[in-house]
Structures are given as C-alpha cells and as structure tokens.
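Alright, structures below, take your time with them.
Heads up, the next two complexes both have chain A, just with different partners, chain B and then chain C.
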Partner chain A sequence: MEQEHINPARPRKVVLAPLDPVHDVGLKLIRRKLVDKGHNVTLLPPDLSPEEIVSRAKSEDPDFVMISRALSYGTSELLARFVDLCDAAGLRERAKLVAGGLSMKPEIAQELGFDAGFGPDTPVEVAVAYVEGEDVDLSNGSRQQTKVDLTAGFTYKFLDSEIGSLCTGIARQLICWANKRTSPGVERAHLRTAMEAERGCSPGYGQKLRSQYASLSSGEVKQWYCTGKPVSHTRPITQKEAGEIQSLSRKAGSPAFPRSQDILNDRNVFVQYGTGCPVMDAYHIYLSTAWGAKGVIHFDPSWGARNEGLLEQAWSHEHDGTVLTLDNLGLIKNGLIPGTMWQVRAHRGLNTPETVVLAHLAGADLTKINIVYGSLGAGTDPERLAVDGVEAMKLAARYNLPYDVVTNEELCGVPAAKAFAGMLVVVTAGVLLGGRPLLQPLFANSPEGMITGFTEHNFVDFNVAKMKVLFSIIDAPIWPGAPVGFLTQTQDRSQSSVMTALHAALALDCGAAAVTIASSDEAYAGGPITAPSRIDTLKATGAALRFFGNGGISPTPKAEAIAHELREAIAAVLRQIAARGDFVSSLYEGLLGDREDGAYPGRSGKGTVSLKQ
Partner chain B sequence: MKVVGIAGTAKNTGKTTTLLEAIRFFDERRKKLFITGIGYDGEDFDNLTGLPKPRVFVPEGAVVASALPLLQSSPARFDDLKDTGVRCALGRIFLGRVTSPGRVVLAGPASTRDLASVAALAPEDSIVLLDGAFSRISPMVVADSLILATGAARSRDSHRIAREINAIDTIMRLPVMKDVCTGGNKVIGDGVLNVSGGLFLPGQGQELAWRLNGTRKPRTVYVAGIINPLVLLEALNEMGLNRSGGPGHVASVSFIFDHPIMLLLSGDVLQWERVFHILYEAGLKTGVLGSMALLGATVNPYIPLRSGAGKYIATYVPPESFLGDITNLTRVPCTDIILEGPGKLQSWLKRFLD
Partner chain C sequence: MSVKHRILDGCDVETFMLCNDLEEGKALGLRLMAELGFEDADVVFCEMGGPGVRIRLRGYVYRPSADYRWYGLEVE
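Moving on, here comes the complex of A and B:
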C-alpha cells in the first residue's frame, strides 16, 4: 500500500500490542504521543498470544498494528508467525504492520514481513510521523544533506573597539607588507591555475608550464616532476580502485542514515579524513556522513607542508594523510554524498595558496588558512607563510571560499591570549581582503589550561571563557576545533568518545557555528584510524546532545573571570604588536608565542620570499 | 505465468540455496524469469546471527522486483526500472530487467495482497519465483507450486521433520471441492454453515460444535480463514467424535477450508495428524477451495548455534544420516542440494514445467 495515500489530517486508529510479556514502555510512550496528536489508540495488555492479538486487532479495524518485542533468533519466528496470521486474517488489507524493539532494524522488519521496523534508537516522533502518513524513508533515515553557509548572518564588526582598532591597524600593515612580496608558493598557485586551465588542451604549453612548476618545486615532488619517480611511500591509484569509488558514489544517493543520529541533522559536525588512500577515505566519508557528519575535512600528509609543490595524478599514500592532488580530490568528491560540506585545508605549509586553488577547482566548500599556527607550531618560516597566507586569503576571497583560522599553536603551549591575538589579526586581514573567515579556537584541555589550573576542576570554564571572549570581541562565526577535546582523549575508545562528545556538546551549546571532532582512536592511534572509531564519536556526540537537550550547560563564575582576564591579555599582546609595527617580526620575536611557550618559528621555506619586481 | 514458491519451515533452512538452483535451472532452459521475495535475502551476513549467507545472483534477462535502493546498489545492472506502486520496509519496490548479471539483495512485497499485485506484473509467459522468509508461508497462497525448505534449524530431530513434511503434504493433498458454489467469501447452498474469520482461538471449537449440534443441523461447514488444529480438535471433541463414531447427524458433515495454507498458520502442524485421523475414522469429508502442489522438500543440516552473547557459530548435524532418516520416513521427495547436487530439485522443477 502506498504510504502517501494516507490522509494525515484524519485521526488514525492504532492498535499497540506488546508481544513481549513485560517490555511495553516504548508502546506506552508512542501511545502518549499519538493520543496527544488526536489519534485513536488501543494498547492491548501484555502476554496475549499472537492469535489473540490478531483477533482483538481485527475487531478494531485499525490503520496500524504496532508490535513491540525484543528480538532474538528464537523470537523472530514468533514475529514471522504473527505477520502470517495478520496477513491471512485480512488485517493487512487495511492496516500496516509495524515492529519495534531491541535489535529491530528496517532490514529485519523487511525480512519478517513488517511494513516498518523501529529500533531502540528510533525517536518516537519518527513512529508518529509514520502513522501520520509522512513519507518517512525507513531504511535511509530522514536526513536531507544540505550545505549551509557557516558565515551567514555575521557582520564581522568588532564589538570591542580597542581590539578592533588594534587588529585593523596590524592587519593593514601585514597586507601592505605582503603585497610587496612574492614566493615560490605564490608563483605556483598562479601556475597551477594556468596548468589546470590548459589540462588536455595544448600539451606543448602545458609541458612548458610544468617545467616552470618543477623549477619552483623541491625535494621528492620536484624529483617526480623531473624524473617521474614517485614520492616515497606513494603509489598510483589503480583503475580498479578508482572504480571502487565510482561504485560507492552510486550508493551515495541512498545512504543508510541511522535514525538515532537525526539529532545531528541541524548541527554542523565535521570530521577529518586522511587515511592516505582515497578509496578508504571515500568509505570513511560515506560512513561518517551516514552517521551524522555534516562535513568532512581533507587531511594531507605532513611532508606535503614541507616540500615545495604538489603532485599531479591520483596517489595512494602508505602513511597518514591523503596526498593533495586535484585528481585525488576529484576521486574523493565523487564519493561524497550530495550536500556534504567539504573542507580542503591549506593552512600550515609551503603550498598554502596553491591548495586554495585546488580546493576551488575541486569544488570544496571551505578551506583553512593560518599564518600564525603554521609559523609557530607547524614548521613553516613566518615570513614565507605571511606572504603565502595573505595570497591564499586573496584567492579564497576571489573564489568566495570561506576558511577557518585555527589556533592550534595552543597545543604547543602558546597561551590562548597570544594565539587569539594572532587569529584575530589574520581574521581581520581576511575580512579586509574581502573574505569570510571563521574563528577556530582550540577547544580542549590545552597545556595552558593545565599549567594555569584553568582546567583543574573542570573542562568547561576555560573553554566557555574562550567562546565568551571571542563573541564579545567580534561578530564572527566560531568553529571550535580542531578537533575538539585534544589532550583529554586517551587510548581508551569509550573514554575518548565521551570526552569528544562532551566537548562538542559544550561548543554547540556555546553557540559554535560548527565543530570538528576526532575519531575515538585518532589522538593516540598506533595505526590507521578505523571506521568504527569514527562512528564511536559521532554516536557519542549524538548521545551527548540528546542528554543535554535544551537543558544547557552552566559554567562556574570562574568562566567569566577567565574571559575577562583573556580579553585584557589579548589586548596587551595586540598593543605590543602594534607598538612593534611589524606583524611578521612579531612572529619571529615571540610576541605571539615564544620558545618558553613552546612556539618555535619554523624554517621550511626560509629565505624564499622576494620583493615583487 | 506459473508461480513457484520456496517456503521455509524456519530461518536458515536453505531457501536461498534452493532459490539459486531454481534460478540456474530456469535460466539454463531460457525461461523468462520473474524473481521476487517476501522478505530480505541475498545479504552478506545474516541480520540475526551475523553468519555468512549465500548470495543471490540474477541472470541477464530476468526481471527482479525489489526495493529500489537495493536495485540501485546492486552490482547487477537493470533497465526498464518501473515502480510497482508497492512499498516495503526498505522503500518502493521496483521492477528491473537484468542487463548485466550479478548479485542482488531481494526485498519484495510482504503481504499476500502486495505480492499478488507485484506478481501480476510478470509477463504472461514467465516463471515467477517467490523467495520465502523465515517460516512465513501466508503469501505463498499466490503460488501454484511449492518447494519446502526445512532442516536442522527447524529441528535436529529428523523424525519430527519427516512427520512435519508428511503433515504438510497431507494438507496440500486435501481434495479440491470443485462443485461447491461460492460467493462473497461464503459457500452458498442449503445446509451450509459459514464460519468467517477462521478458527484459531480457544473456545471457538466448542462454539462450532454447539452450532453443529443446534437445530439447523448443517451438513457442510465452510471455514474461511485460519484454522488451528487444536481448535478443530476442540470442536471434534465437543461433538463427541473423539470417541468412536460419535453421535447422530455430525457423522455426515463435510468440512471445507479456503486453502491448504490456512491450515499451516496457527498451532503445531503435527496436530493435524490427530485431526485427520479422527475425521477419517468418523468418515467425515474434508476439502479445500484452493490448492497448490508440493513439489518436494529440500533438507539443510545447518544450525546456527549461539556461542556467547550475540555470537553464533555455524554447526551441522550429520548430513547423510539426517537426510536418510527423513527420506525413509516421508513419502515426499527430499534432497540435500549440497550433499546430493541439484539433480532431484531439477527433476521436481521439470515436473513443474510439464
């Protein structure tokens, strides 16, 4: 029977029957919800035989017969017999049969012959919606993946005039300084644009561009362009592997969204991927999206940040991080469920502007640009990353590609005040260049939290204080990360899931536009990240959101005090930088984090910046 | 159009293996195949035990009716996708003609009504193969012929299995009452007692006996719907037929049932042995309005055995002795396809085609 033919306006007649002698709580809950909505509900007593239920249901002439039964191998035959009895007794001429209970899922309901099956994770509203004739897709969940603009509604106006004024002045100086300079990274970004435009059009011209590109590259990447020798620990993707992603993309139209994860539908939860193998990535992305991730973040190998230049073609990488090439990105994009948001990170190394180009060409929705973290915590020369970062922000603005600005230098031990000062300057520069940046404070148990005692009694106050202070300074989207819960997770998957979930719930409760979570084995994995560990944290996040619901999370008064302290410290750092009159020198000189803090100006790309002719 | 159903007496009794051999048999003879199932079949691992399952492969040219998402994610390729207008727990059921053979998961119509409307879409000159699920048999009323899949997952007791097969066979062989006049789900005629809604609740047998012993003295009892053998026994006891001969006029009453399958849905099928014995001893006629042929029974020695919380392991009873015992004790042709190969099954299907 066509579910759509049901008139939702008409009260439905529903018979609820526990085939289980004791467990009828679920049915009582459904009864309350259905009665509240004006439906005519009869709840039969427990411990009736299937024949008695059929007989009593028949006398009611219902639209729906809903059965509850905890499922096991033995009891499944009982349910199958019940379905047969209903069928032969003519109940199915009119009524739909629904089964619910432990272990129930749509596939088992189908095998048993029910019209629908709801497991213990199914929200009761779904059962009610089914009764009311909504076209509930029982196998796939109800989630429609739709992209959202995380920056929508934000004005980027400074609410703290002193900090706003300081940031604007420093950012203008940075842009002015960078505008006069160039680097191999900037040059390659322009070359890559030209090369991709020429791809397949004029081989001769393309070859010339590739030679130029090779001359601007270094290390094994340069070697590959010159000799064709693959970079260590990489191999080309085979046709079969590419076909595997194509096959997955065919399934991508009908992913099995578990209904229990519907709670994440309106939350922008992001996960990172980067197993090294685009095929495996595609599967991880597929699973993560099905389990509630709104977006995914491309994680490239660490050597990709240290070598000048990016490879071409599709590659598999033996270690963590998936090689950043347009072909690899194209393969991965093929496997994305439509509506999945996709971030390609460009933040920390020698290929920052070119990565923004690739992100744009591949159709990514977001990128990631950071001058300070890349310079002080990720090994790239500050001068070089300042030039490349500004260029990357210009490109992102041109492509209308939002990006986050992360403060992961906090992980090295840099105090939040210094990290936030750097982030705010970069964000300001981004806005001045016409872009749409998002603030990405570290939302974790940072070294500073441990050392100062901010996180001694709870992990709430310090993180809430960070959100409070940033929201009080600028009207901009905040996307805590990256990922949340760093240094609170252990090798224990349960513990890691709980910590991740609580951080995510707290961040969203604080008004975060999005949140990035780790897998449960990500922080301390001794090997590749496993797919189940991704589901762990997504499930846990869903459970945490359900737990807090609209109850909210209250920090102690200390949060306010920390926020105040932070604000003053941020302003003090900015005043120092403004007084220094040179943002890049401030990076070298430790104003945004010094050796004592655990920050070291990087050396990759040192001496490669030149003045524009 | 000819319809053959593969019905199990329990889960894991070998329906999928039987289906695969049946598909191969008809495909080799270039028959137009229309394949659907009343449950969910062809998945990698069993949804309840987690143990590996036989996969379902569909040949080029066959028409498959299954939930659309499963057709779309199948390695087999389909064209002419058509919406049947029927929905199951996994989505809309579509028909698709196989253009590139491959694996498929079958999830078809679950009810008799939906199965009939989907099967009606099969081309007139096709063979319709209905794949069963669990011990469900009610929708198989749509089939002309039936293959029974049974085995150790139903019971390790080969004697019990043989008795069940014999009881089902006896029911399938009940004479078809061609001469009775029916209308509006009733048998029309003088002296007919029409019992609507079946007889499957305790007390209904006693009530039937009272009506038979009432003043109208019906000569024919037509029971529309499900019959539980114990309820009929209750009636026979109340009528005194459980004692030798029984009193008065009831010795000439005929019992008519809808369809043999209505006798298989409620209660223990072995109880029918007693019922038929009493009816036979009393000389009472019994018949059905609809019929189907039981082609044979496939016997599977496989048992998924629970070995800890939520875990199962595959175990087997000794296949030769299990099959041998059953074969010796039943008049119905039986085979273990894995042990004996598909020869016997093929001979039944040839008979079906003839």
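Moving on, here comes the complex of A and C:
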C-alpha cells in the first residue's frame, strides 16, 4: 500500500463515517489520535445512508474519507455502492477513500475501489500513519530483536547487612574449599577447551586429548568415544536435516512478527526448547521468537547430567532433551533470529563446567548454575557439584557469561527460605569470583505453599513476598522461573495458558528482569510439546500484560508478612551454616533441605572429587 | 503431498462430545481421531460436565527426530 509522500506537518482534513447503525468505536479512536496530532477531523454519526455520508463529506472538501463497517451482511454491495456514489459526486478527485472495521479485508477494499483497507486487527497508529503519508506495511509487524544485558545497572551490594555478612563468609569458605579440589568434570572442561582449540588444526586432531577425555567419561558416552556405538535413542543428524536448519536460518533473517504480540517487544520473556531434534527445535525457536519470545533456553536430556562426559558431533534424540554438543548448538544457533538471547543450562549434573565451556564456544548469552539445586533436587553428589559449580562460575566469569541460580528444589518440597539461603550463597560466591549471576526464585504453587497455606487464598502473596524479600536483601537482577506457574497448570490448555500468563505478568509487575514461561502443554506428559502450545502461552502472556498494563497487581497485606517471615527464616538458615563452618557438609546434613523436606543429597559422581596435586 | 504433512508436529482437535461418562468420551475422542486418519493420537485433556465432555485430542503427525515430509518446503 504505497502512496505519495505527504507532509505530516500539514494538517489534513479527514471525514470519518460509520456505515453501521451503531458501531463507531474504532473511528472514535482514530479521531482522538488524529486530533491529538493536529488534524482537522469530522466524525459523522452512525446510521446515515451512503448517500447522506457522501453529501456531508462533499461539503467538508476532505483529503480523506474513512468509513468503517462492523456488520458483515451486505458489506461488499454497500461498499461498492459507496464508491460509485463518491465517483459520481466527484469526491474522489481530491479525497482518498479508506475502509476499515471488523468485517473488512484489505484486499477486498482495494478490489472494490478504495485506496486502502484496514482489517480488524489494525492498530490505530497504522490508520494515522496512512493519513500522514507514511509507508504502512500491513502484512506483518516488524521489530529489531535486540539482546539485553539482564544484569545491567545492578550493583550486587547487600542491602541486608546481616545476611550479606553471613553469605560472604560462607561463600568464601566454599570457594577456598573448592580451590583445593578437582574432579573429572573440571578436568574435562579444560580438555574440551584444548580439544576445540585443536579442532581442524591437524589431521586426526586431538586424538591424544580425546583418549584422555574418554578415560574421564562414563557409561554410554565413554562407550561412544571408545567404540563409536551411539548412545541409546540417538542417531547422527543427516545432511538433509542440517540443510533444513540452514534453509530455516535464511528465513529467520527476515522473520514475520504478528502485530498482536507487539506488547512483548520490550519484555524479556524466555521459553525453553529441547524436543530432542535440532531441526524441530529450530522451528520451535523460530516460531516462539516470532510470537514474542526474547530468549530461548536449551534443555538437554536427563541422561546428560548423569553420565560423565559429553558427546561430539550432531545428534538427534528420540526423547525429551536435545543432546548437548558443540555441533548441535552450532546448528541451533544458525536458526536463531538475530538478536535472540540464548541460554545453555549447566546447572545440575556431572558436566557443569564443560557445559559452560560449550555455551561460551557456541556463542550463548547466558548459562545456569546452581550447586544447591543440583545437589539436593537433581541427583548430583553435593561435594562433586560444589567443586564443579565453583569451577563453572569461574569459567562463566572468564567468559563474561551471566547465569541464573535456580531454586527448583522447592518443587521437591524444600521451603523457600532454605532454597533462597542456598541461592544467595551461590550468588555471593559467583560475585566474589567476578561473575554476574541472576537470582531465580520459583514462581509456583510449591509444596510449601500448599502445606503452610501461603497459597490457600491466592497465588499472588507468596510470589510477591519472594520478590520483596530478595530485592530487600541484595541489589541483583531477579528472573523468576523456571518456568513460572509450576504446579498450577493443568492439561486444560485454557487454564494452563491463563496460569502461565498471570504468573508471568505478576513477575514482570514485581520488577523481574526476565521471566521464563512454559507452553500450554506443561502438564501434559503423553508426548512432545507442540508448536501451537508454545504460541498459546505467548499469546496469553501478551494478553495478560495488556490487561494489567500500568495498573499493577496488588497483593494483600499478607505478602509483607510472608516476606518478613522469609527474611527471618533465611537468616536463621545462614546462621546455622555459618556455625557449621562448612557449606558442603551443610548440604549433606540437610541444613539447606533435608529428607523430611523432600531433599536428598544426590549420588551421581560420589567419590570422584580429589585434592589437587 | 497431503495437507497433513504441512503440519509441523501435531494437530489438536477440540470439541464437545455428547456421552454418558468420561471414559466413553475419551474412547469416542480416540475413535474420532482414527476416523480423521491420525494414527498416533492421544487424549490431552478431557473433562465431563453436563451432557458430555470437553475434550482436546492430539494427533502427532511428526514426533521429534522423524523423517519430516515438510523438508525443503518453500512456504509462499
């Protein structure tokens, strides 16, 4: 829809007329915007005949006649007659004719002889831009996807001096303890760095290093390095599959963005991917970012956390989780819309430091590290993950890679106060090591919420209290997750989308730097997440943000009371750990979550830590 | 190529089915998916209320790692 350039500074004369008995809301919105911009606007009343509209418009000698039609019956005939009447009256010699409204399709308007047609989803700004002579692309929205530093502007200073002092003391003890130790995970991270540096430098590159690497691996991963036998349920990516991602990457260079999702443009909404297949992942990432996701998070298979070692080459996996290799990450990166933020998680298993290396080499923007969750909720031996986690944080600092410190152990039943105490110690260690961590409280109906009654009357107070207490303790970015709404979603996609959207809106309203959302398939375990279910929750989140706008969400006074209670409980946990004098022992002994809470120190990697030579 | 192979992964069918109880609703739903030609179908959500069930059915055309027939498709 092109038109000659019109000087927007010159006021235009516009006649607006509803071709309906009653409906003129859209025209009133356009009138308000046009008047605000200094144009001369006449809005005719509803229920005039086309002849009356033409007659009254002619007397105004307008530059534009814009009519709307909401009712669908007889629309084409009515509009065709209107155009004929305008022609007969000589109105078109000077004025441009525009049709819009619920029953309008732009292509039909133009077929009928209008200069432009605006469909029901057209923003008012588009109609105004047309009057002012600006080029208007009605096909799709466009936006410049831009990466954001989620940690910018935060000082990481403790605002709560007692908790700050406790965290600093405990974190120093943890770092000092870990500095004297090493593990196969730490050694493989260094080997991987060396192996990748040698890649392509010589024929049979890194054979010696690979052999060392294999000796530090276990299970099916070791078997692959030694015999070439693929890990169960995996197969190599084919040329055709790699080609499909390359082809998609060309499309991702000029993506189409639905205008309805523009509200997410300045919000940092992340989604998780990990279908097992890099091709399907690439499509899911592409459509999720088109519908408003600012960032995506790589999910690897659960066996990737329990085996020592990571594979090489590109693999497809028949089950949940996409195999973590530099080649797979490279393929996926190719399909990212430029400007998409990308997180590769390294938080929970036996390959934590090496995953940070891969995230860096692949060009990821963020990673995820948490010693406490990985130890108490994800099956890795606490001593091992403490050594690996500290190394991972050192690497992340070296690579200038921010990471979140997630507290999903709450899902096992660990009370928020214990989970937060652990998170704050790890965050403090991260800062002492020169890193830029983000706090990741769980936004969910956690077992604690149900048992204590914190979530009995609403889901707002407990979540708001979590944000309040963390913001009162430390000046650091908060990124609720992961994803928000855990244990509130059901298999009903309407309910699931609403719950996700409300949790996301609440988090952003509370000042979250970012938020991770699930698909509407979150509670469905019968098969892989599908593409439409991803769009469901992105659309719902957009709608919730539109609904609350700048109106905010008000908690009850209970939120303040819970926040106070949480603060006291966090401090009490930290005092116990400080008195114990050993962070890792505290993990084994249940100070950050015991068996009664539902936390069990993991066993993967037990006995693999050694003192440095 | 069948239109079905333009589906990226799965196709959901949502409707209200008249039935006597939840189990009958689910069974009817799966029969419907079979009649529509979905071989890999499941009930994602089903809730009884009043004269029948609100049901959401899913037919996976492609699960991850399958040999997708939309490869190389140039979507206009």
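Everything below uses one rule, namely that the second predicted complex is superposed on the first by the 488 of 613 C-alpha atoms of A that agree within 3 Å, B and C clash if a C-alpha of one lies under 4 Å from a C-alpha of the other, contacts with A are read in each partner's own complex, and residues count from 1 in each chain.
Please note the rule applied: contacts are C-beta pairs under 8 Å (C-beta built on N, C-alpha and C of every residue); 3 or more make two chains touch, one makes a residue touch a chain.
Predicted model, so just to flag it, every value in this text is computed and none were measured.
K.L.:
Please indicate which partner A:F547 is in contact with in the superposed arrangement: first for chain B, second for chain C, both, or neither.
P.N.:
So A:F547 meets neither chain B nor chain C here.
K.L.:
What is the contact status of A:Y283 with respect to chain B (first) and chain C (second): first, second, both, or neither?
P.N.:
The answer is second: A:Y283 touches chain C but not chain B.
K.L.:
Which chain, chain B or chain C, is in touch with more residues of chain A?
P.N.:
B
K.L.:
Answer with first, second, both or neither: which of chain B and chain C does A:K58 touch in the superposed model?
P.N.:
In the superposition, A:K58 touches chain B alone.
K.L.:
What is the contact status of A:R493 with respect to chain B (first) and chain C (second): first, second, both, or neither?
P.N.:
A:R493 contacts chain C only, not chain B.
K.L.:
For chain A, which residues belong to both interfaces, chain B and chain C?
P.N.:
Common to the two interfaces on chain A: residues 247.
K.L.:
Which stretch or stretches of chain C touch chain A in the complex?
P.N.:
Going through chain C, the ones touching chain A are 8-10, 12, 42-45, 47, 56, 58, 60, 62-66, 68, 71-72.
K.L.:
How about chain B: which of its residues touch chain A in the complex?
P.N.:
Touch residues, chain B against chain A: 10-11, 38-41, 43, 47-49, 67-69, 72-73, 75, 85-91, 107, 110-114, 133-139, 197-198, 200-201, 225-226, 228, 261-262, 265-266, 304, 306, 312.
K.L.:
In the complex, go through chain A and note every residue touching chain C.
P.N.:
Touch list, chain A to chain C: 235, 240-241, 243-244, 247, 275-277, 279-280, 283, 287, 316-318, 490-493, 521, 524, 526-528, 530-532.
K.L.:
Considering the complex alone, what residue numbers of chain A touch chain B?
P.N.:
Residues 1-3, 51-52, 54-55, 58, 71-73, 76-77, 80-81, 83-85, 87-90, 92-93, 97, 103, 105-117, 137-140, 247, 250-251, 253-254 of chain A touch chain B in their complex.
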